[in-house]
């Protein structure tokens, strides 16, 4: 608990108006999309925190907005922190954090591919998994697919008809 | 002088280490009894298949051609990839009430991932995983089976196995 | 029987044509023998590899899979030989024939037994080494003409490798040539009548044998020196684009080359067709003489073949720079020093 | 479109050339596509292309119920299928706040360690294969086969077993389980010297791996590497130690850390990890507590709305399962933070300036499983 308080204080000293919330079992803070790079840079450089590892970078489509989550970890003191940011209006754009963490390169490519968020300053932004000419961004909620089970069931019925 | 010594000792150590590896492979060459390969189609009789091996979903029938399936479709709902389709029909019982019974329990082995979720979901233990595993066919539609045998019906519950 | 065939041929074709028909028949017989041996060694290799890996190996075609290699050759013969559209067609199609021809040519001076030798050339050993190094041109041709980067890389590796290892193989051969004082195959075998070179040549002969074994394995492009076709790196190296019989030719050439190298090694170090004699054991020596020289020769050849196979299925592959380092930093200097020692020994007449 | 196609091709000067390794290539163990710019034999640039086996598991999970989507995760890192399932189950259990019976915890841990052992053995064999030594592959498969037989007896399948269910395990262990595992450990210990004789001590193998594919600690952190790759670069990152889950808090084992950061260090870390796994199995195998193997949970799982995260240590590194629930019976969003995805990023810094043969060694030491990257 002591650690928790200390952690909160350090965060407060960097971001005076931030509120610490919880995301899963981790501490989470929310930053504005415009200031995300500056904020993350502070977290990366700050000598007490030194979040030197970007464990994961992902996004969640909340329909009204797309939430981007940066999961940071410090290998020095074992802190975990999730930095959230909400992208409301299209076109979704964020500043790339590749200069801070090299692991962001692939993660940002994946998010670009799946959510259509473009990252300015990314060295090689292309669709990672989907073909270049693929339309739509699969992990957005607006991207409609047939239900997996339904899909199978259809083919199943088709085969059943063939059999008869 | 030291360098020369190191040069020759590196050669010597390398040769010794290489010979060790050759001794190992050579010893296996001379011990054919350690061969693990089995000749598959010939050894069907002696093949060891654990009784829990998941080969396909199977519906056991007893000697009266009766099964346990009540056509509740829980398995169909549990199946993650729609390999199960329960076709039920309504029949009229002698006392005049209508009852839903199983007509066809259609199983698509082709899309089944053998995850055992249907067996897990079944409340009346009507289906089990079977050990059979040789299913190669030339046409995908041949991978669809009816698990209930023709003319089979629901087992009458003599004693309620209430626990 | 040979004279009978000769007379028959003269009867049929007349005196002018008969010798040529005879040559064709001899060539055909030799090629059949060589291919047969290669196919047998393919089967042997597969079985030995399987046993080393706790497997059974081929089991289906024939009893214990004995006909598997023949079935494979037959299958490859029936397959279409594809030529890539962008390939240099002439070079691409010539390359496998060149490689196979060269490996057949090298059989000419090999003495299988005292009476069975096609061509007792007085520079026999030199002939074998020089002819067998022509094979690399075929490999380079294949790699270049395929118009495939993997093939090209494989061919270039192969070129660098064979050119380097030719040196130490040559020096190892030279050691024996110097000791026996002859370049002809029969002369070298005759010089081992009182003991094989590996036994009577002291340490230089043994070192030369080891160097020859390593260098010749490298020249064969076989594991652990199979960089030219390194499967995990270059898929199949220089023969990536070949299919059908053209691929089979590369494959056969590899195994015939294995035979040539084993035969050369046997001739130089293990006394050719000479039986094993131990000084003083008269009855033993007498018994050994009973075994025909033909069997002696092939017995030794198969033992050296087995060694090559054993290397392949035990060791990981080297990297190209390590391969060249092994040659230029270890084999060549040691071989040269060894040559000098061998010369001193020969000069002092210490040979047993 | 023109622009994107140009993005996909590396530019080269006259004396360099571009070569495509994969998607069908013997040493990429799947459908990884790498574009290399070669200067002779040396790699001047490298670019990975992914998506050849992208099945959209994350999207599929959104249309499956909580019980159903677990089986999909076995298809990510198929060599640690059980550990993937375990991670999902742990996350779901966390959301439902279900207490898993002790017996189930121990069984899961045992299975996870056996999976790790089997996975590392396959890696050992394929490392040998990548280096050109074929025999190790078969020696590795001998012990792996025993493990798979144990799986087959208890779980019914050999690779994608779907043995973990929320609340415990699918069925109880087989009566022969304990004796078979003991026999496995005995045989493995008797045979481990062969592994050393064939590869570890082999001078050719050592020269192929020592000093090759050096990954400094800073790079490994910046690239978010995990598992043996990170541990070989001196980062302590074993989730089993940091955040013990299931029965890992009651076993003693060592976190293997090396500092060299080259291929040989990664090789040694994995070799020693096999021994540590064995240690864990030995500690647990005699003390499987009696009791239920499965907690009672409702047929339809509806976790309360919120975010749930669980990380586990697979054979390749840290797997994170992030589930966003909206209170319905299907997850709102599932994100898998797979170890290979991050480890793949380390391929480029490691192999620049190396030779093609080194690239194969580096890929072998990364132990990439492509479906885990693509998902």
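Going in written order, the chains are labelled A, B, C and D, and every chain counts its residues from 1.
By our rule, contacts are C-beta pairs under 8 Å (C-beta built on N, C-alpha and C of every residue); 3 or more make two chains touch, one makes a residue touch a chain.
Since this is a predicted model, take the numbers as computed values, not measurements.
*Asks:* With respect to inter-chain C-beta contacts, which pair, B-D or C-D, contains the greater number?
*Replies:* C-D
*Asks:* Need the central chain here, defined by C-alpha centroid distance to the all-chain C-alpha centroid.
*Replies:* Minimum centroid-to-centroid distance belongs to D.
*Asks:* Just how far, in Å, is the C-alpha centre of chain D from the one of chain A?
*Replies:* One centre to the other, that is 23 Å.
*Asks:* Just the number, please: Cα centre separation of chain A and chain C in whole Å.
*Replies:* A distance of 61 Å separates the two centres.
*Asks:* Round to the nearest whole Å and give the separation of the Cα centres of chain C and chain D.
*Replies:* Roughly 45 Å, centre to centre.
*Asks:* Do you know which chain C residues sit against two or more other chains?
*Replies:* Those would be 52-55, 313-315.
*Asks:* Which positions in chain A touch two or more other chains at once?
*Replies:* In chain A, residues 148-149 touch at least two other chains, as defined above.
*Asks:* Which positions in chain D are in touch with at least two other chains?
*Replies:* Residues 64, 68, 135, 142, 198, 202, 204 of chain D each touch two or more of the other chains.
*Asks:* Quick one: in the complex, what on chain B touches chain C?
*Replies:* Touch residues, chain B against chain C: 11, 18, 21-22, 24-26, 28-29, 32, 34-37, 39.
*Asks:* Give every residue of chain C touching chain D within the complex, in rising order.
*Replies:* 49, 52-55, 149-150, 153, 157, 223-224, 226-227, 230-235, 313-322
*Asks:* What residues on chain D touch chain A, complex-wise?
*Replies:* 1, 4-5, 7-8, 47, 50-51, 54, 56, 58-60, 63-64, 68, 219, 221-224, 235-237, 242, 307-309, 318, 320, 322, 324, 332-333, 335, 337, 341-342, 344-345, 349, 374
*Asks:* Considering only the defined contacts, which chain D positions touch chain B in the complex?
*Replies:* For chain D paired with chain B, touching residues are 64, 67-69, 71-72, 135, 142, 145, 149, 152-157, 160, 162, 165, 170-171, 174, 194, 197-198, 201-204, 299.
*Asks:* List the residues on chain A that touch chain D in their complex, please.
*Replies:* 23-26, 52-56, 58, 60-61, 71, 75, 78, 101-103, 105-106, 110, 114, 124, 126-133, 138-139, 143, 145, 147-149
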